[in-house]
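Listed next: structures, encoded as C-alpha cells.
Both complexes below contain chain A, partnered by chain B and then by chain C.
What follows is the complex of A and B.
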C-alpha cells in the first residue's frame, strides 16, 4: 500500500515538474515557440476530451472537431456583429461576452452530444455506429456552416475579435493553466471509482449492464462531457486568436485529434497530451516546408500505430522500460521483483455488517405460460414455474433444452416473450419487462455460462463495481479498500482467490475466473442469484466448496437458481429440481423425486420427444 | 416525371456506391472508411485514361483494375492484420483514406479534372427528356444487385462466403482458404468502389476530395442495410428518395442534414438494420 501511495504522489509530482518547466519556458522561450506551444496546449485539451470518449468508454468519435468548432463559433458569434453577407463589421468589447460565449458553447455542445448519444448508443446496434454518425455530422456541419453567414461569417469565417491588451505571453500562461486543470481533473476522474466504471463499459458492456449499470446512459454522459471539454478548448482557441472558420469543424482537424490520441496512447490521458503537443510542434515545423507531405506522414503514422501499437506509443514505451527494468533486476538476482504485476492497488476487506436477509416462503419470481423463440426456432414452449424466496432451485435438462435461455429471459426484459414473468422483489413487484440493468438493480444477479470479465480491471475492482450494484460511483474519490460481506469472503476463500485482489480478472486461471464471477454476483447482494453452470471446469473439491457456499447463502435468505449438469452435485445441494426438456418443464420436485423419475431418465437418454 | 426520374437515378447512384461497401462489411465485418478513397483512385485512373484519349468505358475498366490493385496492397499491408480487431479497422481505413487523398493531391493537384461526357444525349421517358447517362446508371445498379443476389443464392462462392461469415475457424478446418477469400472480397469491394468512382465521374466535380459529399449517406445506407441485400436496396431507396424529395420541396442544402437525421432515427428504431425478416 505504501508503495502505491508514493507512486501516486510521484506521478502528480512529475506533472508539477513539467508544468513548472513550461512556465519557465514562457519566460525564456522565443515568441515563435511560445506561440506554437499556446496552440499545442489548447489542442492537448481537445485531445484529453477525445481520450475520455474514445479511450475510456470506447466510442470512436471521428468527428470530435465538431464540438471544438461549436465552442469556437459560440465565442465568435457572441462577440462580433456581421452584415447580411457575414462580413464582420463590428466587435463587442465587453469581456463578459467571451466568458458567456465559452460557457454557451459548452452547453450547446453537450446538449447536441446528448441527443446524438441518446440516438447512437444502443445495446443492439453496431459498435461502428457512433463512428459513422459522428463522421456524418461533420459533413453536415461543414455544409451548414456556409449557410448561416449571419452567425458564422460564412466562407470568410469570423475574425478580428478577442480581448484587447492581452499579450501573447499571457495567453501562453492561460492556456497552460487551463491544460493543467483539465489534465488534473481528468486524471482524478479516471483514477476514481467512476473511472473504473468507464473502463468496465469499454471492456465489456454486457457484463457491466448485468451488474446493474445503465451502459447507454454512462456512454452518453461521458460523450457529453467530452463534447463540453472540447468546446471549452475551442472557445479558448477563439478567444486567443480571434478567429473562427469552418476548418475548425472539418474532417481534417477531427482526424488530427484522432492521430494525437492514437499515437500518444488512448486511455492514458497523459499520452494524448504528449501526442498533441509533440505532433503539433513537429507538424508546425515540417508543414511550413512540406504542407501536403506532412498530412501524408500523419496519415501513415496513424495507420502504423493502429496496426502495430494499438494502445499507443506512450504505453508501448513505458512497457519496454518496465521490461528492461525487470530484466536488470533479475540479473542482479532480485527475485522479489518478479512477482506478477498487479493493477489497481485496491484491497478486499471483510465487512461484518453485511446483514443476512430474512428467510420467507413467498414467491420471488413466478413464470406463467412462457414462450420464447429465436426467429423460427421455438426454444421455450409454455414454461410455468414458481420460484420461492430462500430456496435453491436447480434447473437440469439435456443440452438444447432451453435452460440458459430461460435464465436469460429472467434477467433481460428486452427479450420479447409471450406469457408472463412476475417479479416479487420488494422494490419491484411487477410483471413489466425491464432492461437488464434495471432487473439487476432490483436484485437479480446473473452469472454467465462462460466467464465474462473485464480486461483492465483487477479482481478487487470487479467486486467493487459489483458491490455498488448500479449506484453511480464517486467521480473523484478512489476507494483503497473494498468492504465485502462474509458470503463473498467465503467464495473468495473457497475458490482460492484470497490474496489475489490486484490480479487482472482476465489473466486468472479458468477456475479462478469462475470463482470471481460468483463472488461478483454475490457481492452485488442480490435477492435472486442466477448461476449458469457455475462449477463448469472446476475440480470435484472446488465444487463441493462452492456447494457449501451456496447452501449458506440460501440459509441467509437468498434465492439461488442454478443450471447444472452434474446430477450428483444437484442431489447434494438442491432444495428443488426442475427438469427442462424441449422447452417445457417435464418434472418439478425434490431431488429424490426427480432422480427416481422415469420421465427424466428417458429425457436424458432421448426417448421422450 | 423528372422528379421521379431524379429519385430513381439517385437511388441507383447510391446503390452503385454502397454495393462494394456492403460486400466488405457483410463478409469481413469491416467498415471500409477508405471506400471514397478507392472511388477517388478509380476516378483519377479514368481521368488519366481520358487524357490519353481512351474511350470512357475503357476508362471505367481501368478504374476498377486500379482500385483493385490498390485494394490488394492495402489488404496485405494493413487490413489482414486487423480482422480480429474490427473496431480498429475503422480507424485504419480512415487513416488510409487520408493517405489516399494526400497522394492524389500530390500527384494531381487541387484543380478539377474531367473524365469526359459519355452518352451526352437525352432520352425521352414517357415524354420527359432525361439524361441517358443517368438512366444507364440505374440499369447498371439493377444489374449489379441482381447479379450479386444470384451469386450469393446459387453459386458455391455464395455458400463459401456465408460459411466464413458464420464460422471462420470451422471454414478453415474444412479446407477453405479463408485468408485468400477475405483478400478477394476486399479486392472486389475496392474494385467496385473504383468502378463506382469512374461511373460517377461525369456527374460530380473531380478533385482530391472526390465523393466526400456522398460519404455520410453511403455509410449510413450500409448500416441501414443490415446483413441482407434486400435491406441494402431498401436503405438506398429510403435515403435516396429522402435526399431528392427534400431537396426539391424544401432546400437542397439542408437535405444532407435531413438524410443523416432520417438515417439516425431509423437506426434507433431498427438497430440491426432493415431486413425483411426478423433475425
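What follows is the complex of A and C.
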C-alpha cells in the first residue's frame, strides 16, 4: 500500500514538474515558441476529448473537428457583425460575449453529439456507424459553412475579434492552465470507478450490458462530454486568435486529431497530450524548413506507428521501461518480479456481511407457451416452465435442444418471442421489450457459455463492476478494495483465482475465466442466477466446491437456473431437473425421477439398459 | 505421426507458462494431458501448433524440427487442431466448415462415416456455423479434424459442453480413426472417463511441467483423481 501511494504521488509530481517547466518556459521562451505552444496546448485539449471518446468508450469519431469548429464558430458569431456577403464589418467589445460564446458552443456541440449518438450507438448496430456518420457530418459541416455567410463569414471566415489588451504571454498561461485542468479532470475520471466502466464498454459491450449497464447511454453521454470539451478548445482557440474559418471543421483537421491520439497512445490521456504538443512543435519547425515534405513525414510516421506500435508511443515506452525494470530486478535475483505485470491495483477482500435472506417458495419466473426461432430455424417450440424462489433448477438435454437459447431469451426481453415470460421480482414483472441491462437490474444475472470478459480489466475490476450491478459508479472516487461475499471468495479460491486479483481476465486460462465469470455473476448479488455450463472445463474438485457454493446461495433464497451436462453433478445439487429436447420440455421432476426415465437414458445419456 | 518435444519453455510476454515440457506422442499413440486450470495445458497445445514461439526447447514431428514454425506449416505436416475458443468459422456454413478441413478432395466414404457419427451436422449443412449450439460446434470441430485425414489430431477440451451420449460418440469416433488410419491423438481433457476410453497414456501437468504419467487403464482412475486434487 505504501509503495502504491508513493507511486501515485510520483505521478502527480511528474505532472506538476512538467507544468512548472512550461510555466518557466513562458518567461524565458521566445515569442515564436510560446506562440506555438499556446496553439499546441489548445490542440492537446481537443486530443484529450477525442481520447475519451475513441480511447475509452471505443467510438471512432472521425469528425471530431466538427465539435472544435462549432465552439470556435460560436465565439466568432457572438462577437462579430457581418454584412450580407459575410464580411466582418464590426466587432462587439463586451467581454461577456466571449464567455457566452464558449458556453453556447459547448452546449450546441453536446446537444448535436447527443442526437448523433442516440442514433448511431445501438445494440444491434456496428461500431462503424459512428465512424461513417461523423465522417459524413464533417463534409456536411464544411459545405454548410459556405452556405450561411451571414453567420459564418463564408469563405473568408470571421476575423478581427478577440479581447483587446491581452498579451500573447497571458494567453500562453491561460491555455496552459486550461490544459492542466482538463488533463487532471480527465485523469481523475478515467482512474475512477466510472473510468473502469468506460473501459468495460470499450472492451465488451455485451458483457457490460448483462452486468446491468445501459451501454448506449454511457456511450452517448461520453460522446457528448467529448464534444463539449472539444468545443471548449475550439472556443478558446477563437478567443485567442480572433479567427474562425471552415478549415476548423474540416476532415483534414479531424484526421490530425486522430493522428495525435493514435501516435501518442489511445486510452492513456497523457499520450494524446504528448502527441498533440510534440507533433505540433516538430511540425511547425519542420514545415518551416521543408514545407512540402513535412506532411509526407507526418503521414509516414502515422503509418509506422500503426504498423509497429499499434497502441501508440506512450504505452510502448512505458512497456519498455517496465521490461527494463523487470530485467534489472531479475538480475538481482528477485524472482517474484518475473510474474506477469498486473493491471488496476485493486484488491478483493472478503465482506463478512452475508447475503440477505429471502426465504419463500413463491414463483419468480413463469414461462408459458414460449416459442422462439432464429430466422426459419425454430428453436423453442412451446416451453412452459415455472421456477420458484430458492430453487436450484437444472436444465439438461441434448446438444442443440435449445438450452442456451432459453437462457438467452430469459435474460433479454428484446428477442422476438411468442408466448409469455413473467418475472416476480418485487415490482418487476415485465419481460417483453426490456433490454438486457434492465433485466439485469431486476436482479437477474447471467453467465455466458463461453466466457465473456474484458480485455483490459483485472479480475478485481470485473468483480467490482459486477458488484455495482448497473449503478453508476463514482466519477472521481477510486475503490482500492472490492468487498465480496464469502460465496464469491469460495468460488475464487476453488477455481484457483485466489491472489490473482490484478490479472487481466482475458489472459487467464480457460477454466479460470469460467471461475471469474461465475464469481462475477455471484458478486452481482442477483435474485436469479442464470448459469450456462458453468463447470465446463473445471475439474471434479472444482465442480464440487461450485456445487456447494450454489447450494448455500439457494439456501439464502437465491434462485439458480443451471445448464449442465454432468448428471452426477446435477444429482448432487439440483432440487429439480427439466429435460429440454427439440425445443420442448419433455421431463420435469426430481433428479432421481429424471435420471431413471427411459426417454432420458435413450435420447441423452445413450445408456439403454 | 510421432511428436516429440524437449525442454519446451514458452509464455506470454514476461510471464513464463511452460517451464520445460518433455512430451512424446508415439506413432499411432493416444496421449492425454490433464491437470488443474491455469497449469499451461492450452498453452502447450498453442505452442505445439505454432501460435506461440517457444523461448527454448525443440519440437519435432516425425523427426522434422518444427520449432518456431507458423501454424499453417505445422498443419500442412498433417496435424489437425481443434481449439477451445472460437473453434469454427462462425460466418461460414456447416458445409463450408467441413470443406475447409483439407485442401484436397474430401473422401466421400469417410465423410459419410463422419456424418454418421454426428447426424445433426448432416441436417444442418446450410446453417451458419456460428448459430449452432455450443455442443454442436464441438461436433463440427471433431468432424472437421477427422475429414482432414491427419497424422496427429490435437483437441482442446473437445468433450466440454457435450451431452453424455455424445461424449461416448466422441470416444467411438476417435477410436475408429485410430483403428482405421493409425492416427496419433493428443488431448487436453477434463473428462477422465473419456480420456481412459481413448488414450494409452495420461500425463499430468502442473505449473508448466509434466509431473506424472500413468498408463490409461481402469485402475488408473483413482490414481489420477488423486493427482488432480488440489
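Convention: the second predicted complex is superposed on the first by the 594 of 609 C-alpha atoms of A that agree within 3 Å, B and C clash if a C-alpha of one lies under 4 Å from a C-alpha of the other, contacts with A are read in each partner's own complex, and residues count from 1 in each chain.
Basically, a contact is a pair of C-beta atoms (placed from the backbone, for glycine too) under 8 Å apart; a residue touches a chain by one contact, two chains touch by 3 or more.
Quick caveat, the model's predicted, so the values are computed rather than measured.
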Partner chain(s) touched by A:286 [first = chain B, second = chain C, both, neither]: neither
Touched partner set for A:512, first chain B, second chain C, both or neither: second
Chain B versus chain C as contact partner of A:91, first or second or both or neither: neither
A:139 touches, of chain B and chain C: first, second, both or neither? first
Touched partner set for A:397, first chain B, second chain C, both or neither: second
Contacts of A:128 with chain B and chain C, given as first, second, both or neither: first
Which of chain B and chain C A:19 touches, first, second, both or neither: neither
Set intersection of chain A contacts, chain C complex versus chain B complex: none
Residues of chain A defined as touching chain C within the complex: 323, 326, 338-341, 374, 377, 396-405, 449-450, 495-496, 507-512, 514-515, 533, 536-542, 565, 567, 603-607
List of chain B residues in touch with chain A within their complex: 31, 33, 78, 81-82, 85-88, 90-92, 94-96, 98-99, 102-103, 105-106, 212-213, 215-217, 219-220, 223, 253-254, 256-257, 260, 263-265, 267-268, 271-272, 277-279
Chain A residues within the chain B interface of the complex: 58, 60, 62, 116, 119-120, 122-129, 131-133, 135-137, 139-140, 143-144, 147, 251, 255, 258, 262, 292-293, 295-296, 298-300, 302-303, 306-307, 310, 375
Residue numbers on chain C that touch chain A, as the complex places them: 12-16, 36-43, 84-85, 120, 127, 131-136, 138-139, 157, 160-166, 168-169, 190, 192, 225, 228-230
